[in-house]
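Multiple structures follow.
Presented sequentially are two complexes of chain A, the first with chain B as partner and the second with chain C.
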Partner chain A sequence: MTTPASAPVSVRQFTILVFLYTVGTTILVIPAGLAAVAKQDAWIASLLGLLFNLAAVFFYLRFSRSFPDMTLAQYYERVYGRWLGKLFTLSFVFFSFIGAATVLFYLGNFINTQVMPKTPIQAISILFILIVAMGLRLGLEAIAKAGEILFPWIVLLFFILIACLLPQVEVHKLLPMFEADVSSLLKGAVSVTGTSALPFIVFLMFYPAFVANRKKAGRGFVAGTIAGGLFIAAITFLSVAVLGADISERQMYPSFSLAKRINIGNFFARVEILIAAIWFITVYFKILFYLYGCVAGLAQLLGIGDYRALVLPMGMILVVYSQVVYPNVVYAAEFDRTVWIPYILTYGLVIPIATWAVGRLRHRMRGKPTATSGDVGE
Partner chain B sequence: MSRRLEGGGALASAVLLFELLLGLLLLTGCWNRRELNELAIAAAMGMDKAADGYRISIQIINPGEIAAKKGGGMMSPVVTYAASGHTVMDALRKMSTEMPREIYLAHLRILVIGESLARQGIGKVLDVLSRYHEVRTDFHIVAARDRTAEEVLSSLTALEKIPANRLYTSLDLSEKIWATTGKTNLDTLISAIGSEGQGAVMTGIEIVGDPENGRTVEQLKRTTPSPLLRFSGLGVMRQDKLEGWLGERESKGLGYTRGNLAGAPISFPCPRGGYIGVELIRMKSDVRGEVKAGKPVGSVRIRAEGNLSEVECETDVLKLGSISELEKETENEIRTSVLEAVRRVQREYRSDIFGFGEALHRAKPAAWKKWKRDWPRMFAGLEVKVNVDVKIRRIGTVGDPVVQKLEE
Partner chain C sequence: MKRGVLKLLLKAGKRIRRSSHPTSEPSVAPRAQETGLDRRFEQISTALGASSDLVLKEIRLGGAAGPRVGAAYLDGLSDTRQLFQSLHGNDRPLEEWLNASPEAVLEELRRTVLAVGDIKVIDGIENAVPAVLAGETALFADGCAQALTLGTSGGEKRGVEEPNTQSVIRGPREGFTELLRTNTALVRRKIRDARLRIDGRQIGRVTKTDVAVMYLKGFASEAVVAEVHDRLDRIDTDAILESGYIEEFIQDHAFSPFPTIYNTERPDTVAAGLLEGRVAIFVNGTPFVLLVPALFTQYFQAPEDYYQRADFSSLLRILRLTSFFVALLAPSLYIAVTTFHQELLPTPLLIGLAGQREGVPFPAFIEALMMEITFEILREAGVRMPKAIGQSVSIVGTLVIGQAAVEAGLVSPAMVIVVSITAISNFVVPAFNMAISLRILRFLFMGVAASFGLFGVVVGLIGLVLHLCSLKSFGVSYMAPYAPLIRADQKDSLLRLPVWALRTRPRSIPNSNPVRQAPKGGNPS
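Coming up: the complex of A and B.
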C-alpha cells in the first residue's frame, strides 16, 4: 500500500467523517446506558464523555505524528519489527472485524426489534454489507465524498427532531440536578468514550497518511469530535427531558422512542422512521471504517498491495459472524456493560500508548528507526 | 460498463442480465409487508380478568362502513372481538380463530381496563404493551367503572362513528373544559407505577343504561342514545393497583393541582340564593415539597385567571368591590376542593397522586433519600398548604345581571 501523491480525503471531508463515526451506534445505545447509571444527570455524563473523547483524540493526534506517512499497521511493524509487528496487526485486524460485526448486529437488531420483526436479520445484514462493500471498493475518496453528501441530511433531520421535541421538554424531569455521584458520572462518561472516541483507532489506518493538509486535519479531528459529542449530548438531554430518566432507561432504543414522540397537531406524526435515517447513515460509516481497518490491516499483513480484493470475502464472513457474535440481546447488553470497556481500552488506548512509548524509546536509543522495517509493505 | 457491452457482445449482455436478475432477488420489497386490506385496525383494546388469565377485547374498525360516502349505516362501524388466554398475547392470537384479518395495534386510541383487573394490578399487562413493537405510547388509558372493559367496548356511540375515537376526543375535551378527568398514557402510567414519590391516576368510564342495547346500530337512531358512555371521576392507584375512586369535587381538586383545567367552571352559592359561576381560562399550578423543622411539607400554589360566566343573584357586578369578593370566593372554592382531595387520598388511599414526593425529590434530594422508603406513611401525615390566587378579568358580554332588573 503506497501513499498516493494527492490525498484522497480533504480536511472538510475528514471532519465530517469523524463526526459521523462518533455518532454511529452511540446515538442508539448510549442514552439508555447513561440513564441507567446517571438517571436524570445522564446528559451531564455525556458532556463529561465529550471531555474524555477530546483527551483521547489529543492522544491520537500526538501518536499519529510519529507516522505521518504510514498506516497504523505499517507503524506497528516499524516499531516492533517484522514478526511482532505482524502479530499486533493481526490482533488489530481481529479487533476491527469484531467491531464491525457488533455494529452490524446492532443495526439488524434495531430493525428487527422496532421496524420489521419478522424479516430475517440476514436479509438486512446482507443488504447493508453490500453497500458497505461497494463503498470500500470505490475507495476512500468516494467514501469521503459520500459523507460530504449525506452530512446535510443528518443535520436537517437532527434539527427537525430537536425543533419538534422542544415543546415537549419538561424541565422538572431534569431535576434534581447533580444527584448522581461522581463515580456513576465517570462510569457513564467512560462508556461514552468507549463507544464513540476510542474506536477512532481504526482511523489511524488512513489518518494522517491519506488526509490532506495535516495541520488543519488535526483541527478537523478535534472539531468533528466536539460536534459529534454535542450531538450525542443533545440526544441524551432530549431523552431525559422528554421521556424522563426512568423511561429512557427502560427503552432499548430511547432515541427511536424519542422520534416516536414527535407529533405536531396529529398531522406531522409517526415520522420516526425518517428520523431513523440519522442512525442508518451514521451506522453505515461506522461499519465501513471498522471493515476498512480490517481489510487494510489484512492486506498489509498478507503483503497484498490493494485491499479491494479482500472486501467481498471479508464482508461475507462478517455477515455470518455478526449473527453469532452475540447470541441474543441480553448477551449483547451484558457484553457492552462488562467486556467492551476493558476491550476497547486495550485496543484503543493501552496498545497505542505502549506503541507510542516504545517507538519514542527506540527513536531515542538508535537515533533513527530500526533498519528492519523501514520499507515493509511498500 | 458501456464499453464492455459494445465490445463483449453476448457474454457481456448475459452477465448484465444475470446481475439484473440478482437484483430481483434482493429487491422484492418489505419482507413482512402487510397490505391494508389484510389488517384489522384496532381502535380500542379492553383488558379484563378471566378465570385463568386475561380476557382481551378489541374494537376493530370496519373500513367499509367508515369510508362509505352514502348508503352507510347498514352495518356496525366497528366490530368487537374478545378472547381469553393465560397471557395477553395468547388471547390476542386466539382471536385469529374468529376474525379474518390480522390485528394491527399501531392505531390504538384507547385502552380500557376492567375494574376488577385494575384492582388486582395492571403492571403485568402493561409490560406486554410496552414490549410489543407495534404499540405506540400515545393512547389514553382508562378504567371501566363497575363494568368489564368488554362491555364498554361493545357499546356504540353517537356522533363519532368509531367509539374509540369518540372516547379519545371526549377525554381530550373534557380534560380541557370539565376537569374531572385526566389523560393517562402508557409512559406516564409506567413512570408513576415505578416512582416512589408520584402515584398514578386513571380516568373512570361508566356505562349509563343497559349495556345490552349498545351492541346494535338501532340505538344510534334515537336522539338520546342509550346506553351512553361517560367519563366519571378519577381512579386512584397505589403502585399498579386501583384503590378507589375520587368524587367529582375531589377529582377537580386533583386537576387544580396539575394546573391542566383552564375552562373548568366553578360555581358557588350567592348570599341570598342562586349561584354565581366563574369560568377559568388560564391556570398554572406549582406543586412543591419542602422541609420545615425537619419534617416534609407539601405546598400547592395555584394561579388562575377567569371570567364571570353566569350570575343568578342580585349582585352589583359592576362595582369594584364585588369583583375582588368574587375572586376571594373562587380562591376559597379551589382551595377547599384541593384540600378535600388531599385529605381523602391521605386518609383512604395513601398514594401520592399529587406528586409531593417527586417535588421533594427535586428540591431536596438528600432529605428525600432519607424518607423515600417510608413515603406512603409520611404522605398520609403530610402537612399540605394550598395557596390560590385568582384574577377575574372580564364579566362577559353584558353588565348587570338579568335578575337585578327583575327585582326593580
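Coming up: the complex of A and C.
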C-alpha cells in the first residue's frame, strides 16, 4: 500500500494542477487587459507572456532545487535565520491571503454581475470558501486527485467553446497584424506573467517536497505552464477574432461574452453558463492554492504541525476580507493595472531571487556541501 | 492420565450441577458415575436449560443387551439419519461389543462403524455443548471419559437459487445461499486451484457467527489480506446477523454516502474478484458476500459485462455512467435552468415550459422536492409491501398521483418527466448501495441548485469529486484507475476491451501476480 505522506502528488497530477492554476482567473480577466494595451495584437502579447511564464518557471525550478525537502517557509528560516525568516514567511502569508481574497472578490463579482445579480455576494463567497476549506482539510492528495478528475471536463468544455466559435472567427478583426509596438507588447506580456506565472510562488510551499519524482515533476511544471499559456493565448485570440479588439477591451469578462456568442442552429445557444464551469473550476484551484500557501505558511510560522486547524478560521476571515479588499470594481481594475504588477514582482520574483542569492552565498561561505546543494545538474 | 481427566470432569459436572434445576430430566437412575451415559445426558440437558429441541437418544449396540451409547443433538439443526442407520446397521456380534472397554467401543465406532465424515474426539462436556449448538451430534459411550462429535450439520436450508439483486440475461443463474459452506463451495467449484485459501473464524460473542475470509494466495496482496484479518480481529460485539454488520465495522469511512465495500450474491462475481486480487468475506446466514477493496468504477460494472460482447459491454458501461449523472443531477439541473438560466433553453421550449408552469403555485424547487419525496415514499412502500401487490401499488400510485397532481395544477408535466427519468436512471446503476448514495445526494444538489443555480451545481460537483477522491477502501484509492490515472487499467474500467486484451490484472487493486494470460498469439483474428 502506498504511503501518502511521502509523495501525495504524482507527476501527472502536478502537471494538471500547474495547468489549472495558470489558467485560474487569468482566462477571465486577461483578454480585456491585453486588448487594451496591444489591441488586435493581444494574442501575440499573450504568446510573449507564455515565454515570460516559462522564464519564471525555469527560475522557480532552479530556486526550488535549493530546498528539495523543505517548503518555501522553511527555507526562508534556513536562509535568513529564525526571526528574519519568520518575518519573510509572515509577509508571504499576507501575500497569499490577499491573493486569495482578490480572487474570491473576482469570482463573487463575476457571478454577481453576470450570472445571478440578486444573490448576495457574501452567500456566493461563503459557499465557495466552504468547498475550498473542504479541499484543504482533505489534504493535498485528495486535491490532486480531484484535479485529475476535473481536468478532462475542462478540456472538453474548452474544445466545445473553440469548435463552436471557429465559424465566427473574422480574420479582418486581426488586421493589421504586428502593429503594436514592442513596449505595449511587453507590458501585456508582463501582465500575463503577473497573473498567471508569478503566483506560482505559493506552489513552492509543496513543490518539490510533496511531489513524486522531482526530475519528471520539473518537466511537468514546464508542460503545465505551456499548456495553460496556450489555453490563455487561444482564448485571447478568439476574443479578438470574434469580438474584435474594441469590444474585448470594453468588456469586463470578454471570455464570458465570447461564450455568449455560441449559437448552433438556434438551439445550442446562450450556453455561457455551461462554459463558465471552466472558470469556476480553475478559479477554485487558484483560491485553494493561495489559501494553502497562507495556512501552510501560518502553520510554519506558529510552529503548528498540521495546517488543517487553521483552514476554517482563515477561511472565515477570507470571506470577510474579500468583501473589503477592493471597495469597488473600478478600484479593482485600477489596482490591477498599477499596483498588482510591482506587488507580484516583489513577492514572486525579487524576494525569491534575493533568497536564492543569499542562500547560495551562505552555502558558499559555509564552504561545505549540504543536503540541499543546488548543483545537481539536469 | 485417565484419573486427571476424570477429576476435570468431576469438577465440570459439579459446576453444572450447582446451577441446575433438577426438573425435566430424562428418567435416569440417580447418582450414576460421572462418565455414565445418564449423567452425560443430564449434564448436556442442564447446560442447554432443558431446551425442547434437544434430542437425547440412547442406543444399545449389537442388540438389547449390548453396551449403551448415547447421541445428543438439536432437532432441526442436524441431519442424523445416516448416523443412526450406521449405528443400527452394524453387524458385529454382541460378544465383541460386550468384551470391549468403553474406550474401545468409542474407538471402534469412530474408526469403522460410523458413516459420517467429520468426526472429532473431545474431552468433557464443556466441549460437547458448543458442538451441539453448531448442529453437530455428540456421541457418548457409557463409562467413557471421551466423546465424539460428528459433523452432522444439516437441516432445512434454502437451495441454490437465482439471485434477486443482480440478475443477468446471459451468465450463471446460481446465487449464494444462507449457508456459509454452500457458498464457499460454490466459489471453489469455479476456481479449482490449490491456492484458493479460506480462513475461518467466529465473530460475535453470542451468535458465534462463522465468518470466512477467502482469497487466492499469490494473487491477493498480503498486506490487504492481513489488513482484512486485522480489522475482523478488532470486531468485538455480541451479534453478527448479516454481512452488513461486518461491513459497518470494517469500512474505511463511516460517514460517507458512498459504499467502500462491495457486496454480491453471485459466485461468479466473487470468483472474478478473487482473480483480480480481491479478498472475499463470507458470513454465515446471509447470501451477501463482501468483496474488498472496492473501487468506484466497480459499482458500474455488471457481471454480465464479461459475458456479452466487448463493444456492447463498453457502450452499456457508458450508458450506466450517463444514467448515474442523470439520476444525480436531472432535478437539480431542471431547477437551476428554470429558476436562473432560462436563456439556456431554446425559446419555443421555454415558452412551452412557462405555459405549463403558469398555474403551478410553487417554485420549481418545492415542486421538485414534493415529487421526489412522493416518489421515494412510493418506492419504499413498494419494497416493503407483499410482493404480489407491491409492484402494482407503486405503478398505480405513480401514475395516479403523477397524473392527478398535474391535473390539479400542483406540478407541471415537465416536472413529472424529470422525476420519472431520474427514477428510472437510478435503477440502471447495477449496485443497490451505490444507487442509495445517489438518492441522498440528489436532494443535496437540488438544494444548491435552488439557491445558486448552475454555479451551485458546479460547486457541488467539485465538492463531490473532492469527497470521492478522499475515499479509500483498504488503502486503495477509491477513484482508481481515474485518479490516480492508471493507463493500463483503462482497458477494463469505463470501456471493456475484448477478453484477450485484458492481459494484465487491474493495477488499481494491489496484487502480486500481474499477468493474467499469454498475449493474443493463439487467437484467430
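The rule is short, and it goes like this: the second predicted complex is superposed on the first by the 362 of 378 C-alpha atoms of A that agree within 3 Å, B and C clash if a C-alpha of one lies under 4 Å from a C-alpha of the other, contacts with A are read in each partner's own complex, and residues count from 1 in each chain.
We adopt the following convention: a residue touches a chain if its C-beta (ideal position, glycine included) is under 8 Å from a C-beta of that chain, and two chains touch if they have at least 3 such contacts.
The structure presented is a predicted model; accordingly, all values stated were derived computationally and were not measured.
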{"item": "Contacts of A:243 with chain B and chain C, given as first, second, both or neither", "value": "first"}
{"item": "Partner chain(s) touched by A:156 [first = chain B, second = chain C, both, neither]", "value": "neither"}
{"item": "Touching partner for A:354 - first (chain B), second (chain C), both, neither", "value": "neither"}
{"item": "Touched partner set for A:263, first chain B, second chain C, both or neither", "value": "first"}
{"item": "Partner chain(s) touched by A:119 [first = chain B, second = chain C, both, neither]", "value": "both"}
{"item": "Partner chain in contact with A:179 - chain B first, chain C second, else both or neither", "value": "first"}
{"item": "Contacts of A:280 with chain B and chain C, given as first, second, both or neither", "value": "second"}
{"item": "Which of chain B and chain C A:127 touches, first, second, both or neither", "value": "both"}
{"item": "First, second, both or neither for A:111, with chain B first and chain C second", "value": "second"}
{"item": "Which partner, chain B or chain C, touches more chain A residues", "value": "C"}
{"item": "Contact residues of chain A, present in both the chain B and the chain C interface", "value": "115-116, 119, 123, 127, 130"}
{"item": "Chain B to chain A touching residues, read off their complex", "value": "26, 30-32, 130, 133, 136-138, 187, 190-191, 194-195, 361-363, 365"}
{"item": "Chain B-facing residues of chain A, complex", "value": "113-120, 123, 126-127, 130, 172, 175-176, 179, 243-244, 246-247, 250, 257, 260-261, 263"}
{"item": "Of all residues in chain A, those that touch chain C in their complex", "value": "1-2, 10, 12-13, 111, 115-116, 119, 123-124, 127-128, 130-131, 134-135, 138-139, 141-146, 148-150, 266-267, 269-271, 273-274, 276-277, 280-281, 284"}
{"item": "Chain A-touching residues of chain C, taken from the complex the two chains share", "value": "221, 223-224, 340-341, 343-344, 346, 448, 451-456, 458-459, 462-463, 465-470, 475-477, 479, 482-485, 510"}
